[in-house]
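Shared between the two complexes below is subunit A, which has subunit B as its partner in the first and subunit C in the second.
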Partner chain A sequence: MAELQRGIMSLRKQTPSDFLKQIIGRPVVVKLNSGVDYRGVLACLDGYMNIAVEQTEEYVNGQLKNKYGDAFLRGNNVLYISTQKRKM
Partner chain B sequence: MADEVEQVGVESTFLLMFYVNLCAKHQTTTNTVEEPLDLIRLSLDERIYVKMRNDRELRGRLHAYDQHLNMILGDVEETVTTVEIDEETYEEIYKSTKRNIPMLFVRGDGVVLVAPPLRVG
Partner chain C sequence: MTSLNGTSATPTPATNPSQLLPLELVDKCIGSRIHIVMKNDKEIVGTLLGFDDFVNMVLEDVTEFEITPEGRRITKLDQILLNGNNITMLIPGGEGPEV
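Up next, the complex of A and B:
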């Protein structure tokens, strides 16, 4: 049982910074503490979770604003960063 | 004479290749992914749009910034958006107040988002 758990852990074990390196270039969803949603392609980020996103769209309840080009989000406002399978 | 020239040519080519190789290595190490703050640097002296807490937005020229996102903005227009809810009809009334400020210091902890000015589509 313990071996099984350890096996699963070693498959999944990944530090947050490894995850952050992996997802650069992918479409992501960034949710802020305020509840606002940003969807776009992750350009880069740093250890403070400051984020640069390209082709960003801002969602609150419905679609609000479109931001083309880079958008920079201050890390302290970020609740989570998630990848999204883009359905065109 | 031709032989000497050729010899020097070979050696200096070797040196050149060595130097180029060194430079190439240096370039690959500094070609690491830039931080978001490095990309903000590209917007220096450009007009930007800043979204802030408390439903505030700023449009101005970025003169300076730091790692806290403290910023110096020139020729700024600040927009404060409020929502009033009518007690009877419960409709949401959006109001925005604007003011112009020639030069402004923005404390970084209020900043939510920084972007090039919106092109309303």
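Up next, the complex of A and C:
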């Protein structure tokens, strides 16, 4: 997470990088800028928000479209990463 | 970052307290509700847990709103990391576009 911290006032807030360390291995929802939704288990990620997800389901407009064993998501497309206890 | 006030060093009466920097305002909001307007007809309301220099934000108890179709909303519990790239505006204490 060095990239996320390397501002003028570095190490000002730890929380985003702490959060990312905490959620590895947990089921997550990753929403992209396009609105497409991916749900799976977070395998790993880096400071650019590039993400590797396992047992991924792809939802477009709330509808399940695809399933992937492993998915790599490029960080520039990521809108948010959420842990997955949710109701809709 | 250039200072908006130039180099005025004159002592100021009570009308002009020392400047509040934008990130300081965000920092004050940690622990309370915040309403975030994104670039693309989307708004997020949640409790601010923290952020970084790029204004990526960690939020809790989040509700996501899509603005254009009649206020569709998705409620998420637990925590999210919101990518700062798409954030347009932050509103401390905001309730969101409740209908």
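Throughout what follows, the second predicted complex is superposed on the first by the 69 of 88 C-alpha atoms of A that agree within 3 Å, B and C clash if a C-alpha of one lies under 4 Å from a C-alpha of the other, contacts with A are read in each partner's own complex, and residues count from 1 in each chain.
To be clear about the criterion, contacts are C-beta pairs under 8 Å (C-beta built on N, C-alpha and C of every residue); 3 or more make two chains touch, one makes a residue touch a chain.
Remember, it's a predicted structure, so these values are computed and weren't measured experimentally.
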Touch test for A:66: subunit B only (first), subunit C only (second), both, or neither?
first
With both complexes superposed on chain A, which partner does A:43 reach: first (subunit B), second (subunit C), both or neither?
first
Which superposed partner A:15 touches (first subunit B, second subunit C, both, neither):
second
Which partner does A:74 reach: the first (subunit B), the second (subunit C), both, or neither?
first
In the overlay, answer first, second, both or neither for which of subunit B and subunit C A:52 touches.
first
Once chain A of both complexes is superposed, is A:24 in touch with subunit B (first), subunit C (second), both, or neither?
first
In the superposed model, which partner reaches more residues of subunit A, subunit B or subunit C?
C
For subunit A, which residues lie in the overlap of the subunit B contacts and the subunit C contacts?
76
Please give the residue numbers of subunit A that touch subunit B in the complex, ascending.
24, 32, 34, 43-46, 50-52, 56, 65-74, 76-77
Subunit C residues within the subunit A interface of the complex:
1, 23, 27, 38, 40, 44, 49-54, 56-58, 62, 74-83, 85-86
Which bits of subunit B are touching subunit A when the two form their complex?
33-37, 39-40, 53, 69, 108-109, 111-116, 118-119, 121
Which residues of subunit A touch subunit C once you look at their complex with the stated criterion?
4-10, 12-20, 23, 29, 33, 49, 76, 78-88
